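One chain, chain A, links the two complexes that follow: it is found with chain B in the first and with chain C in the second.
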Partner chain A sequence: MPMTLYRHAINRALNEELANDENVVIIGEEVAEYDGAYKVTEGLWKKWGDKRVVDAPISEAGFIGMGIGASMLGVRPVMELMFFSFAYVAFDQLINNAACVRYMSGGLINCPIVVRGPANGGTSVGATHSHAPENLFANMPGLKVVVPATARDAYGLMKSAIRDNDPVYFMENTLLYGDPAAASDLDDGEFTLPIGSAEVKRSGTDVSLIAHGRSVLVALEAAKQLEEEKGINAEVVDLRSIRPLDEETILQSVAKTHRAVLIDETKPFCGISSQIATTIQQEVFDDLDAPVLRVTSIDAPAIYSPPLEKEQVPNARRVVEKVMQLG
Partner chain B sequence: MTNQPEDQSNYAQAEVNLQLDADQKINLMRDMIRIRRFEEAALKYYNAGKMGGFLHLYIGQESIAIGAVSLCGENDHIITAYRDHGHALAVGMNMNECMAELFGKSTGCSKGKGGSMHFFAPDKNYWGGHGIVAGQTPLGLGLAYGIKYKGLNGAALCFLGDGAVNQGTFHESLNLATLWDLPVIYIIENNGYSMGTSQERSSAFKGSLAQRGEAYGIAWESARGHDLYEVRAKTQKAFNRARNESRPTILELATYRHQGHSVADANAKKYRTPEEIGHHKENFDPLSLWKNQLLKEGVLSEEKHRQIDGEAKAEAKAAVEFAEQSPYPEISEITEDVYFEVDQGSTAGKTGRHFFHD
Partner chain C sequence: MPKLSDTMTEGTLLKWLVKVGDKVGVGDPLAEVETDKATMEMVAFDEGTVGALYVQEGSKKALGEPLAVLLEEGEDLPEQPVTSATASDENGEAQSTESITAHVTEAVPLPFAGEGRIKASPLARKIAAAESIDLSRIAGSGPGGRIVKRDLEKAIDNPASGVARVASTGGTSRLTTVSPKPSGSGDQRMMLSSMRTIIAQRLLASKTQIPHFYLHVELDAEPLMVLIKQANIAAAENSNKLTINDFVLKAAASAAVAQPKVNASFDGDAIIQYASVDLSVAIAVDDGLVTPVIRSAQEKSILEISLEVKDLAQRARAKKLSPDEFSGGTLTVSNLGAYGVDSFDAIINPPQSVILSIGGIVNKPVVSKEGQIVPGKRMNVGISCDHRVVDGAVGAEYLAEFKKRMENPASILV
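What follows is the complex of A and B.
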């Protein structure tokens, strides 16, 4: 079975949506002639030309804001941030304009923009290039935040994101782009996946490992170790979308396993896992046999030192240890 | 003092102004008077505690919005900053919906969700009304991008204040405007003060702020914003450049706000002398200047002026009554107009939790 890599799945979704809708335009740094800093947009400029795939100068606030303005007129820009860490340069545009314009206009204005790019640590590029800011953006009503862990999810969710009439911030991962563990069989033709739907990636009975993005792969690896070494059968829930959030799938899993460990690469203070923990204690408190525990990034700016950074972000060993603390 | 360009050319003879007939000239006057009377009524009821937040008044600058917007066609789009009431009325929004928005009522143009700084009317090509200084400048560029992308013959008019020219997004927008040949017209309404800080204390420049465009290869011009003929003549040149060549322009219009930065501007009478304010009101009030011009041309009578002024006052008064009688939004409406799909009641809008309050 030919497996499609994560980067190629996104590329396929972009290519298909460029074909489906003439208002779709890809804009970003190095997305066209360079073929994408991480080769996500490879071949698209050659196929679609200057109008549909546009190299932007290093000017995030300017070109992201421009894309937001164009989207109000019905253009559907898919804007690449070479790293989501660069979103901070364009923060005013991403929050005050994209997230608020529908609301402030009393619902008169659509802002159908996708902002996509890698949002992860673990690659030894230091604090400025290693942010996982999904919690910051998911905090803002008006925005949708999607963090796919597999090629299949990235493909289906990207197509939905481009077709959505609200801004969708689509957070990818440099470590997943070429990772065979994130690759999927995509042979079943064109499809979309709904934003706001989680998926149980591994069924289990003893503990729910709830994660998003690359942490899902970490959870799956931990689940394997837990089964092989401890005889613990873990369920892995992949959020896929942070906002909207599929609470039903989370709660069903916890109600079944009675234990939850949340794996979350954001920083712990008001991280994604903080919100999930609130929901669990509020909705299924009586089903819990243990406190909800978390494995987040260790609470400091991203460290450079390669072996240390692998400890700072969630890894399978830390997840296994946390599960064993549940008693 | 703001720079008042010396050019005293007779802009009445510009082609775009020669085309105006008497009725059109009187309508331009009516449009300016309506803004003035609307805002005077708003000020009265703001001071009476009927409105929240800020109220940034456009009084003194009316000739700019009216002059520039009077040149817009169906493919032209308009965006501005937070001093947006004048532009809103200029594009054809009515006083009722604008006043009700100030009162925070559900009949407001944004259903009471935007407030004074955030008026929108996309059906009239009016894209706000933006609260963050210069935050609208890349959006205006995006409107121009959209116009060009869709193959339309039009321009984006992006208004900004002199306080906005030092923000990074404005400079980024200028670079992109030239780089991608976008039909955007940046109109700097230079009223001399970014809040309480004079232009001299906030901006490093030679000659004029618009001249900064030279660094980006952008055509620029300065003009007297209080002169309606001049505003129209110079804006028309920019429109021609945008529509015919798809090239940007920076137009800096010298103007003056009679009121403070906002009504809440506690130092409004400290950073400007009473003499300075009086000088401008007496000599550069665009309403007086235009009225006198039309009297001189013989297209207007005092009686006609009184009649139009009376109608504008009555319209503003009726707008206040409309606003006062309108209901506030319901608490349940707070979470409407956040997500398109949720408002549609679609499957997508019901997939996953969108709101997280208890």
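What follows is the complex of A and C.
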């Protein structure tokens, strides 16, 4: 069965949506003639031309603002950030305008924009290019935040994001783009996946490993090691969407296994896993047989040294160790 | 409030023996405290000057609650809004004491805070509540000894362990399940003393958790009465007057050597059979009873037992027993003969397995060996047994051994 890589799955979703809706446009740095810095938009400019796939200057505040303004008038822009780390340049647009305009206009203006790009560390590109800022954006009412871990989820969620009438910030991962472990069989035709729905990627009975993005693959690897080396049967829950958050799937899993380890590439302070931990203890306290533990990025700017950075972001060994701490 | 007995959860401060400004050294008495069983002296753990007394005489405090503060030289009294001096002003006393306690709880470190806290996961607590399992009897296998789900599953899967299922009436704060008729005019509502609370808790637990059964035998007390009369002719000279009860205690201990299975406790997954017969003697005191212990009673003579039980009874009534004198018994004797009771069935004194219920000696017609109806002096003796430990035949053998000794009292005289 032919497997589709993560980057090709997004490319296919973009191509299909460009075909489905003439209002869909792609804007970003080097998305057109260069086929995208990570080749996610490969071939789209050639096929759809200058009006639909547009190269932007190195000016995030400017072109993101342009996209948000266009979306308020009915265009459905898919904006690429070469790194989500560059979102901070456009923060006023991304937060004050995109997140708030529907509320500020009393519901008269909506903002059907997608802002997408890689949001990950672990590649030795330095602290200013290695942010995982999903917690910052998920903190803002009015925004949707999606972090797919597999090609299949990236495809289905990208199509839903483009069709969604609210701003959706779609966080990808440079390490997943070409990773065979994230590739999927996409031969079953066109489909969408609903935003706000988590998925149990591996069913288990002893502990719930709750993760999103590339951490899902880390959790799956850890689950394999736990089973083979420790006889522990871990369940892996992939959040897929940070906001809206599928609390029901999380709570059902924890109520079943009674133990939870949260894996999260954001920094530990006010991370995504902090939010999930509080939800778990609040809703299923009496079902817990152990404290909720977390594996996050170590609390420091992204470390440039490759061997150190591999330890800074969550990895399977750290997850296994954390599970064993549950006792 | 320090822990002055192994079962106390609160104590009543009866009397302060120091006042503000007194200098005290380690071991100096600070106050008299009534625990669940006795009145104890609370002594200073440290030296210093009494800075404040937070608790009024007569008030009841939970373990770990602050009672007073000792100051080092040059140390100032911690910020407190009220001390005992102002606590007795015209504003309702109980109320101001409450507010002091609430305030000082934060300021003064609590030496006993956290002691006795059972570490268990929320899930373990939920399961324990649903299954009426006493978590204090479960060993935790989680980090730091935390009780987790698997520990309870183990306990539930192994019913032989018994794991001390708590009475479903539960709770230490409220011991009744059916509300009594409300008190009206002329009725009295008397709050439970520490002792009554403990009696209520322990005997409720005993009667609901221990499968009791009862045996009775009537024995011929005539030889005993003759012997006591003779023995006391000599005893009168040095004032050591022997009583019926002294012989009962000696016979109870000696019979337990002959049938040691009654001198035992149920311990979840095992039975502990004790080498020594430590005899608990039920003694009525004001507002309750205590059961001081005659250690190694099997090794003691009638005279030693007689002297010891008199001393224990006297100090029990004065509430001057120390906790180690009324804990750790292995077998109990309850004698209501002096109250004119013919026969009764006592409730087992947990964690023991057997209690003897001794009735009074009654003059009654009996059929002699020769088939004649003759006047007799008879004593009815009952035992209550924990069937988890003692079976009917074992209980009967013990009772027969007891009877044999009582009917041949010279055999236990030396």
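In this text, the second predicted complex is superposed on the first by the 327 of 327 C-alpha atoms of A that agree within 3 Å, B and C clash if a C-alpha of one lies under 4 Å from a C-alpha of the other, contacts with A are read in each partner's own complex, and residues count from 1 in each chain.
Going forward, contacts are C-beta pairs under 8 Å (C-beta built on N, C-alpha and C of every residue); 3 or more make two chains touch, one makes a residue touch a chain.
Please read all numbers here as calculations on a predicted model, not as lab measurements.
Superposition model on chain A: chain B and chain C are shown accommodated side by side without a clash.
Seen from the CA centre of chain A, the centres of chain B and chain C span an angle of about 110°, rounded to a multiple of 10. For chain A, the partner that touches more of its residues is B, with chain B and chain C as the two candidates. Looking at the shared chain after the overlay, A:I162 reaches neither chain B nor chain C. Applying the stated contact rule after C-alpha superposition, one finds that A:P194 touches chain B and leaves chain C untouched. In the superposed model, A:L288 lies in contact with chain C only, and not with chain B.
After overlaying the two complexes on the shared chain, residue contacts for A:A132 are found with neither chain B nor chain C.
Judged by the touch definition given at the top, the superposed model places A:Q93 against chain B, while chain C stays out of reach.
Measuring only between alpha carbons, the smallest separation of chain B from chain C in this overlay is 22 Å. By the touch criterion stated above, chain A contacts chain B in their complex at residues 23, 25, 51, 56-57, 59, 61-75, 92-93, 96-97, 101-110, 141-142, 144, 160, 164-166, 194-197, 241, 243-247, 275. Put simply, chain B touches chain A in their complex at residues 77, 79, 108-114, 118, 120-123, 127-132, 135, 137-143, 145-147, 149-150, 156, 168-169, 172-173, 175-176, 179, 335-341, 343, 347-348, 351-356.
Residues 121-126, 141-143, 146, 148-149 of chain C touch chain A in their complex. Listed in rising order, the residues of chain A touching chain C in the complex are 258, 285-290, 325-327.
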